[in-house]
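Below you'll find a set of structures to go through.
Here come two complexes built around chain A, the first alongside chain B, the second alongside chain C.
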Partner chain A sequence: MSAPAKYLALAGVGARRALGERAALVGYCVFLGSVLFIFARVWKLIGVASPLPGVGPRELVWYLALAEWAVLSAPMVYLAVEADVRSGDIACRLVRPVPYVGAQIAEALGEAAVRLLALGPSAFLFAWFFAGGLPADPRGLLLAPPLALLGSLLWVLSLVLIGLSAFWIVDTSPVYWIWQKLGFVLGGLLFPLELYPEWLQRVARFTPFPNLCWAAGRSAFGFAPVEACALFAQGVGWATLLGLALYALARRARARLVVNGG
Partner chain B sequence: MAKLRPTLAFLRALVATNLRASLALRGAFLLQAGLMILNNLAFFAFWGILFGRFREIGGWKLPDMVTLYGVVACGYGLAVAILGGTRNLARAIADGQLDPLLVQPKPVLVQAVASASTASGWGDVVTGVGMLWVAGKLQPESLPFVIVAVAVSGLVFSASAVVVQSLAFWAGDVAELARQLWNWTLNFSLYPRPLFAGGISFLLYTILPAGFVGFVPVDLVREPSLAQLALAVGACVGWCALAFAVFQAGLRRYESGNSFGTRPS
Partner chain C sequence: MSAIELEGLRKVFRVRERTRGFGGALRGLFAPRTREVVAVDGVSFAIAPGERVAFVGPNGAGKSTTLKVLSGILRPSAGRVRVAGLEPGRDRGQLGYKIGAVFGQRSQLWVHLPAADSFDLLARIYELAPAEYRARRAELMKAFELGEIAEKPVRQLSLGERMRCELVASLLHRPEILFLDEPTIGLDVVAKATIRDLVRERSLSDGCTVLLTSHDTGDMERVCERVLVIHRGQLLLDRPVEALRRSFIPRKRIRVVSEEAELAIALPGVVRLPSAPHKTELEVDLRAIGVDRVVAAIVASGRVLDLSVEDPPMEEIVGAIYGGARAAERTA
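The block that comes next holds the complex of A and B.
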């Protein structure tokens, strides 16, 4: 079996697992609907024109739908990695013919793909319903799927990185909370970075977080393929950096495991 | 009242034991509580940014939002720190883990919910107190209302969770449903009240009692009055009575897990 075929098979395992957790999928859909409902009300109550040209309450609801779509699609893979480390099961998984970290990423991406497919139509319908129609330039929505997919990949890579930190800190949940909230705030999950103070926008641009949510979300503001390509390239750059960080951390973790004897 | 006093003394002893157990691992305790404070502040940053840009949402301003977060964070923090067993009650019922509690002389519900503690809850409490201080609500004249509001928020949250988790007596493992309702109640209680009108408000005072966890206690702190106090306390007593009644009714249907084991303490 070639390496790509092995990873594809692992992604299939993840996809089947996501399909089996139907209640969780429904839960995510309902959660997405409730968040869109609340923020549709927020923009309605604020009732002023957005300071962004060509962007009104309707586009802001669509922005949130796309940003949430990318975020909710990423599975909590750090919990699986942490559980393997804590239980010692990781020692058994290291002898398998696929690198442990690669296997985790492949499985998580399989799950993410199913969630993207399941949540996509829900996000579309809820956004259309609560926003009262499509955004002013709906062609921009066509650019959202690759950016949301890349956003999910970045979430997955960062969560595997957090999971591997269990080798040193055992309970990784607090690290996840901080990363998640930084992702939400600096990634512009609930509203676009353009509404942030200038200094915070500058800080956010030096982090990978805008590629997690904002990049997909701003497709709701219009059809801008050049900008979307630039954001995609930037996302690929961050994914490469995260991949290198994962490689380095996995090597150190493996050395630590050998020293401790599993 | 004479019957209630030993139960309250027992509850106090359980809380003290849980606190001592948490503090025994001081490093982990401080890390969890500290990171929870950071987590809360990072999430609140959203509202800071939004109110910084738009000043008001349906008549609510940033100090109102700070007060809401303060009350709910304190209430929720105390709920999970003192009554931490509530979160896993459904799983305990479905797995037959109440067996050791049935032979104890104290109420089963009190033992089940107060025999566990979540250390990060103290981080929520610290965040909440800090926010109430920032909002200027810790003055002597408003402090009694703040204490009642926090108690109502935490007790209604716990009581509603007990009601949902007790469904496990009839429906088996409802842990996932209970977890979702737990999260939604908390989430909805952290948004400004004017966002919710019509049918959704009915939902927020019944199935997901976010109204009694957030809006009613916060109104008591924002505009204290006897009517607000009566509403908050009445809702709290009602939810606690309902939780106790549902749990007791369910307990009569409880089936042992027939599992052998030991229970510390």
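The block that comes next holds the complex of A and C.
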């Protein structure tokens, strides 16, 4: 049996966990609906002026739905890693012939896959209902799933990285809060980057955050396959960098391992 | 070739010093002070394939740390370690296929899944052929009498049931070496006895080497044939269990609850400890009399409602061994 088969089996565990937590899935759907309802009302009332041609309040609602879809689908895997480190349960996981970090990523991706499938139709229906129809060029929506999937993968990788920081700082919440807020601002979760000042847009484009939210969201602004491919390639580049950072951090973390309770 | 070989193993942890009070905490924030803690200090031993060895000692003696170095979880600070012909720190991936491990206070199963699903998943992780896995699972499920237990989510199982599942999970891939860290901790008397019997039986039938840490002398006596005693990171004693029992566990304690307020027991080698009415506590010197004779005398002298036979606590045994070793040093 090959290594991919092991990871596939672990992803299956994550998927089963997500399916078992039906109340959480419903909660995420309700949250998504609430956010879209509020922002749809706000944008319609204040009439947001977008510098992009053909982008109005309706497209902005769709943007938000797609960006939130990518973000909400990623499970809070840093909490599981932190708990393993704090409790010493990581000892049991390290004995298995499968790398701990790889196993965590596989399980989280399995969970993310279920959430993407469950939240995708909800995001579509809520956006369609609150925006009052499809965006001006609905063909762009076809490009959203691969970009949202990649966005979730980047969230998962960064959250495992945050979880591993427990080896040094024990409580990883501060790191998570900083990362999350940066993701929301520089990733353009609530407003597309195009609405930001020029200098902030330039700063954001040097970070992985636009690939976390903005890349999937902007599919609502039209069908641009070349741009989408470029964003996808950029996302793969960031995933590779995060993967390398994870590898390096996991090696350093092992050297610091002190298992609680003996 | 030995299954496990250790030469001068040393493991040092660097831990942060906690200073008392708010001022100390504040100082620690800006100028943290660390100190070295030597958990294992020059331990050497070898274990032959198929041997069942107990690694015992009081809390903080270094037994769990040694086990974690042997299973590749922790890296040694110094010394040479070989397990199943591999170097655990370097070959952890390969070693995973050759060892099984059960940590009594932790679970290797996925707690939200039924144990049977965890077994399926472990079969994939350990790359077992489907037919081989099905046969092995059936054999172990029967031996450990899991039945419906394996179909319940692990978080709903009692500690004893979970421990049986943990053992099955660790044996699925037919490990050459089984590491057991406090496998009976927190279990009741019946569950303890069951786990001990099962470990012993499986070791005999599979021919796997067992290294068991515990501070319950019962684990050592019922499962193992050899015992290593560790104290403050150093190996204090290495000898057959029977020899240890004769030398250092010469007494047992018998507690009786009887219908009569007091039982009249007068036997050579039996000392009555201060007891309450209806409760009798006896200390039996095994060099003078067997437990069976004392129990027979108790039963003959009144109506017994409850009876337990206990070993002296591990701390007492290690204290005796330590005292003996120091006396021997002084003589030399």
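Here, the second predicted complex is superposed on the first by the 255 of 262 C-alpha atoms of A that agree within 3 Å, B and C clash if a C-alpha of one lies under 4 Å from a C-alpha of the other, contacts with A are read in each partner's own complex, and residues count from 1 in each chain.
Definition applied: a residue touches a chain if its C-beta (ideal position, glycine included) is under 8 Å from a C-beta of that chain, and two chains touch if they have at least 3 such contacts.
The shown structure was predicted, so the numbers you read here are calculated from the model rather than taken from an experiment.
When the shared chain is aligned, chain B comes close enough to touch A:Val42, but chain C does not.
When the shared chain is aligned, chain C comes close enough to touch A:Ala255, but chain B does not.
Residue contacts after overlaying the shared chain place A:Leu10 against chain C, while chain B stays out of touching range. In the superposition on chain A, A:Trp177 contacts chain B only, with no contact to chain C.
Legend: residue contacts after superposition of the two complexes on their common chain; A:Leu94 is shown touching chain C, with no touch to chain B.
By the document's definition of touching, neither partner reaches A:Val226: not chain B, not chain C. Note for the complex: chain C touches chain A at residues 13, 15, 59-60, 63-65, 68, 71-75, 92-94, 96-97, 99, 101, 103, 105-108, 110, 112-113, 117, 120-122, 124-128, 181. Taken in their complex, chain A has these residues touching chain B: 23-24, 27, 30-31, 34, 37-38, 41-42, 45-46, 48, 51, 171, 174-175, 177-178, 181-182, 184-185, 190-191, 195-197, 200. Residue ranges on chain B touching chain A, taken from their complex, read 28, 31-32, 35-36, 38-39, 42-43, 45-46, 49-50, 52-54, 57-58, 120, 176, 180, 184, 187-188, 191, 194-196, 200. Remark: chain A residues 1, 5-6, 9-10, 12-13, 16-17, 20, 87-89, 91-99, 254-255, 257-259, 261-262 touch chain C in the complex.
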